[in-house]
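Take a look at the structures below.
The following pair of complexes shares a single chain, chain A, combined with chain B in the former and chain C in the latter.
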Partner chain A sequence: MFSSIIQALLNGLVSGTILAVPAIGFTAIFAVLRYPNFAIGSLATIGAYAGWFANLRLGWPLEASFGLAFLGAGIATLAAEWLAVRPLEKSGALMMAICSLAVGIVLENMVRFAFGNEPRGFNVPLMRDIRFGDLRISPQQVENFAVALLLMALLWAALNLTRMGRAMRATADNADLARLKGVQPGTVAAITVMVGGGLAGIGGMLVALDTAADPLTGFRLILSVFAAAVLGGLGSIPGAVLGALIIGMVEELTVLLLAPNYRTAIGFAVILIVLTVRPSGLFGERAG
Partner chain B sequence: MSILSIDGLAGGYASADHIVKGVSMSADAGEMVAIIGPNGAGKSTALKLAAGLLRCTAGRVSVGGADITAATPQSVLAAGFVLVPQERNVFAALNIAENLAMGAFTTPALMRQRREAVYARLPLLAQRRGALARTLSGGQRQLLAMGIALMAQPKVLALDEPTAGLSPMAAAELFATIRALAKDGVAVLMVEQNAIEALGACDRGYVLVDGRVVREGSAGGIMADEDIRRLFLGGRKAQHAVATR
Partner chain C sequence: MVNYIIFILVVAGVYALLAQSLTLSWGLAGLVNLGLVGFFAIGAYASAMTTKWGGWPIPLGLLAATVLGLFTGFIVTISTLRLRDDYLAIVTLGFAEVVRLVASNEIWLTGGTDGIAGVPSIVPRAWGQGYHVTMLAIVSVLAIATCALVRHLAASPWGRALRAVREDQVVAAVAGKPVIRLKAQAFSIAAAIAALAGAIYGHYTSYVAPEIYQPLITIYVFLAVTAGGVGRPAGAFLGAYLLIGFLELTRFMAEIVPGVSPVQAAATREILVGLALILLLRLKPNGIMPERNQKAPPSTA
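Up next is the complex of A and B:
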């Protein structure tokens, strides 16, 4: 039993780290634009398919395919933001959130129309699992884990060591003052949307690498992504990472006790508990 | 010629709003000017209109001869007009060094040099440069807000109730800092709820009522005005302030 728990925690660490990538994208968009973009699931699906297209159809290596996953999902997010969500800005965050749900449905069905419903696997070699005593982990999981960590390190550097990153954090914290200091809100919003959507895309591709890309790849993620962001505190990037790690581990541990079908209930349970006990999440304020 | 010139400024929070109804003011380099008046008189709105945060429906604002009426925040900053809002005037989630860097967002090449100059002027900020702004006390936050403003090397510093919520000691320290800035040639335009304190610290003053300037002149002259004293300053206290100036 003990080794099963350690194995579940290891799996949870990997899946939580991967989940953190789209959760960061979701929370970053919320921090700057002040509405929850529920299209993030379908954007993850677009990233998964863009990566698959680059890898399978164009024959690109995985490293370059991640680039197309980022760009494809980022551009789709930007287009959806400009064409559908932004025109509703004056109607308030609720209308924008509802609109993003509709955008998600449209995007998901566009993917179905373009690529069909059958799962699409990546061109990755079959390899034996790596074993440490009773514990085992697949080389693909290790690679995905490393990619997610690298991405988070890059994002941290971009947000903390660059002028535009600082402007993004400043805008998320105090948009009026940022504008007064000469930050152009439109530019910051566009970069945030592009990066947030791009991260969702890479998150989708990481999940698809472990299993396969299908039109519901992102839909299966959305509840966990939202739960991670709510748990960490909406708008807080460190909170999203911690929230994703906790959700990932709790989901894996639950499988030890309940049938895997109940795994999705974890997200609902976490959201319910957080909203009841600590509505602002673990990291409280909407810090960047 | 005044460094700041505001002529017939009008406007409010929406295009139909007329909170400020044709206000004219001026400030010379190195001069401290107080704007006082009852709640809802349009004092803060006038500053926001001048800074381009709200759209004015009439009037003209110029700094050093450059017209900044309805200009973008970047142009307003470039002209040397810097507004320090009353609330949420620092980036709470950023540390002091990052807050100061945001003050020079439009002039990144000069950021480090200016930040060192601000540290030299406000040593407390240098001592706590790595501290998050949200961990600072009220007085320290106002000092940081001042530091952020100084990063833009203002010709005109517009302060919206800088001592609101501060202890008397913190307020006195802040006034001393503001006076030092004015001595260095910065024109200071200050909205203050505490009219006695403001007029005690400033050279001139404007009294706003219902969006209009109803009285202007030297700070001492305003404090000595019987009507103004009765309405806003509270009799004896004002007389005492005049006497001790």
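Up next is the complex of A and C:
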């Protein structure tokens, strides 16, 4: 029993770190553009398929395929933002959220139109699990974990050490003040949307590497992504990371107790509890 | 052909009920219910289970569905109504998924993914075409009655307070309106209407299963309400019929394009639905019948 708990925590650490990638994307878009982007699931799906296309059809190595996953999802997010969501800015955040849901439907079905419903597996070699005593972990999991960590380190550096990163944080903190200080709101918004969507895309590809890409890959992620972002406090990037780690571990632990099918319901339960007890989440602003 | 037209008119009536639900919560109270299909499912299951397995008479089953919808609507709002509205959107979206998850996995309760077949019908199916015509009459009358009810609610002092909350809840609170209570009431009644619609639909098609209650249904209703007029019950009613017309049109359009597989045809329809909603929000956000401002009563001074 004890070792199965440790195993669950280890799995949760890995899946939580992977979950953190799209959760950062979702929360970053919320922080700067002030609306929840419900297309995030479909964007993750687009990333999964872009990565699969690079890996299988173009024969690229996985490392390069991640690049296409990022670009494909990032460009799709930016296009959707400019063409569909942005024009509704004056109608308020809720209209933008509803519009993003419609965008999600369109994108998901464009993927379905192009690639069908069959699951698409990546070209990854089958490898024996690495074992430490009773614990086991697959080399692919280790690699995905490393990719997610590397991305987060890059993002941290970009946000803290570059001018654009500071401008993004300033806009998230206080958009009016940032504008007064000469930050270009349009540029900041465009880069946030591109990077946020790109991260969702890489998140989708990381998940698909573990199983396969299909049109609902991203949709199955969204409750966990929302839960991570709400638990951390909507709009807080460190919050989303911590939230994702907690959600990952709680999901794996509950698999020990409940049927594995209820994994995704955990996210919903966490959202309800957090909103009732501490709506601002772990690091969030006031939610009222 | 006649049967087909009657069938889609019944379905349109069910959507007209759903559209009234959304008009009440979103149109009048500004509460976005992205989990509408979850309440639709709950109603369908409640009535199907009590009438088929519990042997209850159908009116009692419909009542059970409505009450359960009211109750779940209230539960869902408890944790979110004090918060910003986007939290309610996230919670309701998750709620509908959890309903589907429970319906798929609690086989002892819901029959699992096989669903419940042979749900009792409201009038005998043996009537053939008469069955469909009678159901059309029942559903249409119910939809019109609900539309009238929502209109009445909207014009009442309660409805005016609700719209004040929608426009600016701080001002409404300062004016002494019980903001949280109004929102909870509107959302719960709306959930009850959606549940009733689900129950009727389940009895009509005689089949209830998790796969029916896709998130897309919620989008359909948003499309209907946006097309008809947000905040205008008669507009939402009209919007539901336009929606069904549009859906049938896309079916034919997807079929006449050559060289398209069935999966691609289905995907094309959903793309068209999504695009229609995006375009409507952009070009005609107030719909065909925009909400009318109520005239102030003549001054007595």
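The rule we apply is simple: the second predicted complex is superposed on the first by the 285 of 288 C-alpha atoms of A that agree within 3 Å, B and C clash if a C-alpha of one lies under 4 Å from a C-alpha of the other, contacts with A are read in each partner's own complex, and residues count from 1 in each chain.
Here is the rule we use: a contact is a pair of C-beta atoms (placed from the backbone, for glycine too) under 8 Å apart; a residue touches a chain by one contact, two chains touch by 3 or more.
Everything numeric here is computed off the predicted structure, so don't read it as measured data.
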item: Which superposed partner A:D129 touches (first chain B, second chain C, both, neither); value: neither
item: Chain B versus chain C as contact partner of A:T264, first or second or both or neither; value: second
item: Which of chain B and chain C A:N117 touches, first, second, both or neither; value: second
item: Chain B versus chain C as contact partner of A:A172, first or second or both or neither; value: first
item: Touched partner set for A:V103, first chain B, second chain C, both or neither; value: second
item: Per-residue touch tally on chain A - higher for chain B or for chain C; value: C
item: Chain B versus chain C as contact partner of A:E89, first or second or both or neither; value: neither
item: Chain C-contacting residues of chain A that also contact chain B; value: 287-288
item: Interfacial residue positions of chain A with respect to chain C in the complex; value: 35-36, 38, 84, 87-88, 91, 93-95, 97-99, 101-106, 108-110, 112-113, 116-117, 222-223, 226-227, 230, 234, 259, 261-262, 264-265, 267-268, 271-272, 275-276, 279, 287-288
item: Partner chain B, residues of chain A touching it in the complex; value: 163, 166-167, 169-170, 172-174, 176-184, 285-288
item: Of all residues in chain C, those that touch chain A in their complex; value: 30, 32, 34, 78-80, 82-87, 89-91, 93-95, 97-98, 101-102, 104-105, 216, 219, 222, 261, 263-264, 266-268, 270-271, 273-275, 277-278, 281-282, 285
item: Chain B to chain A touching residues, read off their complex; value: 51, 53, 73-74, 77, 83, 85, 88-94, 98, 101-103, 105-106, 108, 134, 148, 152
